[in-house]
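Dropping the structures in below, format is structure tokens.
Shared between the two complexes below is chain A, which pairs with chain B and chain C, respectively.
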Partner chain A sequence: MSLELLIDILIATVPLMLIFATLFAFTTWLERKALARIQNRIGPNKVGIPCTRIGLFGLGQPAADGIKMIFKENIVPRGADRLFHLLAPILALIPSMLVLCFLPLDFPWLNEDSVKAFLLDGAVIFFFAITGLNTLAVFMAGWASRNKYSLLGGMRAVAQMVSYEIPLVLSAVIVVMMVGSLNAGEIAGVQTGGNWFVFSPWGFAAFVIFFIAALAETNRSPFDLPEAESEIIAGYFTEYSGFKFALFFLAEYIAMFAISGLAVTLFLGGGDGPGLAVAPWLSAVWFLAKIFGFIAVMIWLRGTLPRLRVDQLMGFAWKFMLPISILNIFVAGFAWHAEQLGNRYITVITWVISLAVLYGAACGLNQLNRGKVRPREYKYAE
Partner chain B sequence: MNEEIAFWILSAIAVLGALVAVRKRNLIHGVFALLVFFAGLSGLFLLLLAEFIAAVQVLVYIGAVGVLLLFAIMLTERVAGDDNRRMTSRGWRWGLVMAAAVFVVLLLRPIQKWPSPEPPQPIKPSVEELGKKLMNPYVVTLEVLALLLTAALIGAVTAAQGVRMPKEEDSQE
Partner chain C sequence: MSILGGGIFKGMAVTLRNFVGSYINKKERLPTNDYSWRADGALPQSIGDYPKEKGEQLSDTTTVTEYSRNFPMLLHDGGEPMDTVRCVACQICERECPPQCIYIEKDYDENGKYIKRPAVFDIDVSVCMSCQICVEVCPFDAIVMNSQFELSTPNRFGGLLVRRDDLLKSNDYYHKIHPEEAAARDGKMATEKAAKEAKKKAAAEKAKAAAEKKAAEAAKEEAK
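Here is the complex of A and B:
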């Protein structure tokens, strides 16, 4: 291996790891602060510069947490499978870190000859393939702990991730179909100048489906059944402590960044935004800002929505998300052919019809899935 | 040179994974060893510049088949993994014969130095080319396969639902 290639690879990968690990630290602080505000608390506000009374709004909290995690005792249960107990957090972190390189983040220090994995034909497929490995890590952790709560959490996670992966991929199919490429750079390139996929009926429907499925894939609230504290302690990482737990935590947040990044690439135009003609380096800034928009919505939802029940979760994936994402593919296919005609009136009619079809289907499915709920009968009260 | 080193490393991973998968008595360990084998295979595809097949290998075999195996094991009593029952399959000699036969057939061409049936054409192993091939000459095959898979899916759902007795339904409500 030549030295230049090695340097190119390092230039392409090391900044990603540094930037996203830093963002992770900041996000944990942001999440705790935001949740605290939603719940009418203050949140972390003490840790600032050491040996002084300067608080800095608690911005030192992530560093303090990190130090605490490293020095905590590593406890492995006696009955646990030691090898798998060790491997699971590592297996959780590797795929989520790996998929970051498929995001079309055009950093200013990358030039024409740099290694760019997102220009690979099939970057989107690679993204989905590698994200799927997270399921295995979760199952591994749940199984290796030899704890019934861990195993239950692992089983829930596998069932949930397998179910929601289908609408996730099917909604991405629409964008791939429209662009005619699996190359992440090309998908982002098509949408430059505000021509984002989210601004069309089928694109918007796909975007909403993608976002909901992404929440479920990353085990975020309201889909955080695998780690439901009130039911199964902490789910698959009940038996993890110290740095292994920190690795799980890191993997989960990096996966959130990655899937938000893919949503930005597919539906929100990647690094597209105002001011790119003047300063091309703004592209990476816009990209990260859009990712943070997603993270903010995720935190907001976590503070607002209650957790789903298991049967609601499965029913929602298979009876609502799957049919509507398949219908959306058909709608997008017809719309693509209609737009090929190039007639403005036909385009407008297509928009109206597809909007009506998607809205009608959503309402109809909602009606169909509504269980037979009778009004509550009060026996001992009036 | 680089490719050769990578080939040997990936082959070693694949072969070791396959061996462990067969030899391990613990089912879950076996499944994960099988997944290591799939990963090694996907690396070998990448080495052949067949990136799409490598990605699909990870997506289908590791992401779907592996998870399906784990799912199936989770629903059995042997999810704990400790299993000391001795299991000897009676047909292992036939299996050995079959394996040897397949190996010999695969080796025949290089040993006998047969000319390849048609001269290899230089193709670009790209996703685009693959898509054009699937949509142009092989579109009927693709559609038949899709139909077959849909039929299998509907069949699986029907089989899973089972036969419902009308009386039971009444008593549930």
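Here is the complex of A and C:
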């Protein structure tokens, strides 16, 4: 390997890791602050500049948390599989860090000759293949801890992540069909000038499905069953402490950024936004801003929605999300052929028809899945 | 028919209102930050950089409202605590305590006679759930809730077990932290005491009358 190539690789990867790790620290603070405000509290507001009484709205909190995490005791339960207990958080972090390079983030310091993994033919496939490893890490953690809560959490995680991966991929298929490429850079390029996929009925439906499935994939509320605090303590990382726990935490948030980044690439036009003609470096800023929009909605949803039951979760994946995403593929194919005709009226009619079909199907599925509501039977009370 | 998923947006509107409202209408949306019940209406300065000195306490009437309750305490009526303690070691609270955090032993004098006070009265802070059931079941108004909240300790084995002598607090202290409740309790105790005395008096009079009657009857008998 030549030295130039090594430097190129470092230029492509190190900023990504630094930027997203910093964003992670800021996001934990933001999440705690936002959740606190939603619950009529103030949130972290004490930790600021050390040795002074300047609070800075608690912006020092992530640093304090990090220092605490590093110096905490590393406890491995007796009877646990020590090797896999150690490997699990590392294996969780690697795929979520790795997929960051498939996001079409065009930083100003990258030039024509730089290593750009997102220009790979099949970047989207790579993304899904590598995020799939996360499931393994989670289950490994649950299994190696030798704790029933951990194992339950791991089992739940596997069931949930495998189920929701199907609608996730099927909704990404729409965009791949429309663009005719798996190249992330090309997918983002097609959508420049406000021509985003989210602004079409099939694109919007796919976007909503993708977002819901992404919430489930990253174990975010309301799909946080694998780490349901009130039920199974902390799920698969019950037995983790100190730096290993921090790694899990980091992996989870980086996975959140990565999947939001993919959603931005597929549906929200990547780095597309106003002012690009004047300053091309705005592309990366717009991209990160859109990711942050996603994170904000995720936090907002976490502050709003209660957790689903396990049967509701699986039922929602298999009985609602899967049929509607398959139907959406047919709708998109129909729309693609109609658009090939190039007639304005036909396009409008296609839009109306596909909107009606998708909304009707969603309502119909909702009606079909609605369980019969019986009056409640009281066994003990009178 | 309502829009599919409309409930989610309704819920999100509620949380958004809370979020934005907490920046605009602080008094209403951030009740934990509302210190208008204090005389100067502001957060005590000492809280900002607490603890300033070793052993500094914040659990006083200036930092908590009089409705704050945290952990039980035993009441005595002033003077030497163990002479005037209200607790008679009846162990009702020990049996009623849901998490079983109270341990009581009765006190006996050198002849083995039960004197109505506890020899041991321990409450485990780490087990107590501040439910106040002990206060409700106590027939002697001997155990009430304290508002002290600084109960953390570096010693996790002995330090979390609060002993009898640390639980004992005077009725004056109770009046200081919960004035309204203490006055009501004192009033209730006074009426109960009065009723008891009236009953005792009535019983004594009845017994007296009965004795007199009996004596009269005996005199009658003798006269025959």
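Following the convention adopted for this analysis, the second predicted complex is superposed on the first by the 374 of 382 C-alpha atoms of A that agree within 3 Å, B and C clash if a C-alpha of one lies under 4 Å from a C-alpha of the other, contacts with A are read in each partner's own complex, and residues count from 1 in each chain.
We adopt the following convention: a residue touches a chain if its C-beta (ideal position, glycine included) is under 8 Å from a C-beta of that chain, and two chains touch if they have at least 3 such contacts.
None of the values given here were measured: they were computed from a predicted structure.
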{"item": "Clash-or-fit label for the pair chain B, chain C on chain A", "value": "fit"}
{"item": "Superposed model, angle subtended at chain A by chain C and chain B (C-alpha, nearest 10 degrees)", "value": "120"}
{"item": "Touched partner set for A:L305, first chain B, second chain C, both or neither", "value": "second"}
{"item": "First, second, both or neither for A:C363, with chain B first and chain C second", "value": "second"}
{"item": "Partner chain(s) touched by A:N40 [first = chain B, second = chain C, both, neither]", "value": "second"}
{"item": "Which superposed partner A:I233 touches (first chain B, second chain C, both, neither)", "value": "neither"}
{"item": "Chain A residues touched - chain C or chain B, whichever exceeds", "value": "B"}
{"item": "Per-pair minimum CA distance [chain C against chain B, superposed on A] in Å", "value": "28"}
{"item": "List of chain B residues in touch with chain A within their complex", "value": "2, 28-29, 32, 35, 51-52, 55-56, 58-59, 62-64, 66-67, 70-71, 74, 79-81, 126-128"}
{"item": "Complex contacts: residues of chain A adjacent to chain B", "value": "1, 81, 84, 120-122, 125-126, 128-130, 132-133, 135-136, 139-140, 143, 146, 151, 155, 158-159, 162, 165, 182"}
{"item": "Residues on chain C engaged by chain A in the complex (per definition of touch)", "value": "1, 4, 8, 11-12, 14-16, 18-19, 22-23, 29-33, 48-49"}
{"item": "Parts of chain A lying in touch with chain C, wherever the complex brings them together", "value": "34, 37-42, 53, 300-301, 303-305, 359, 362-363, 366"}
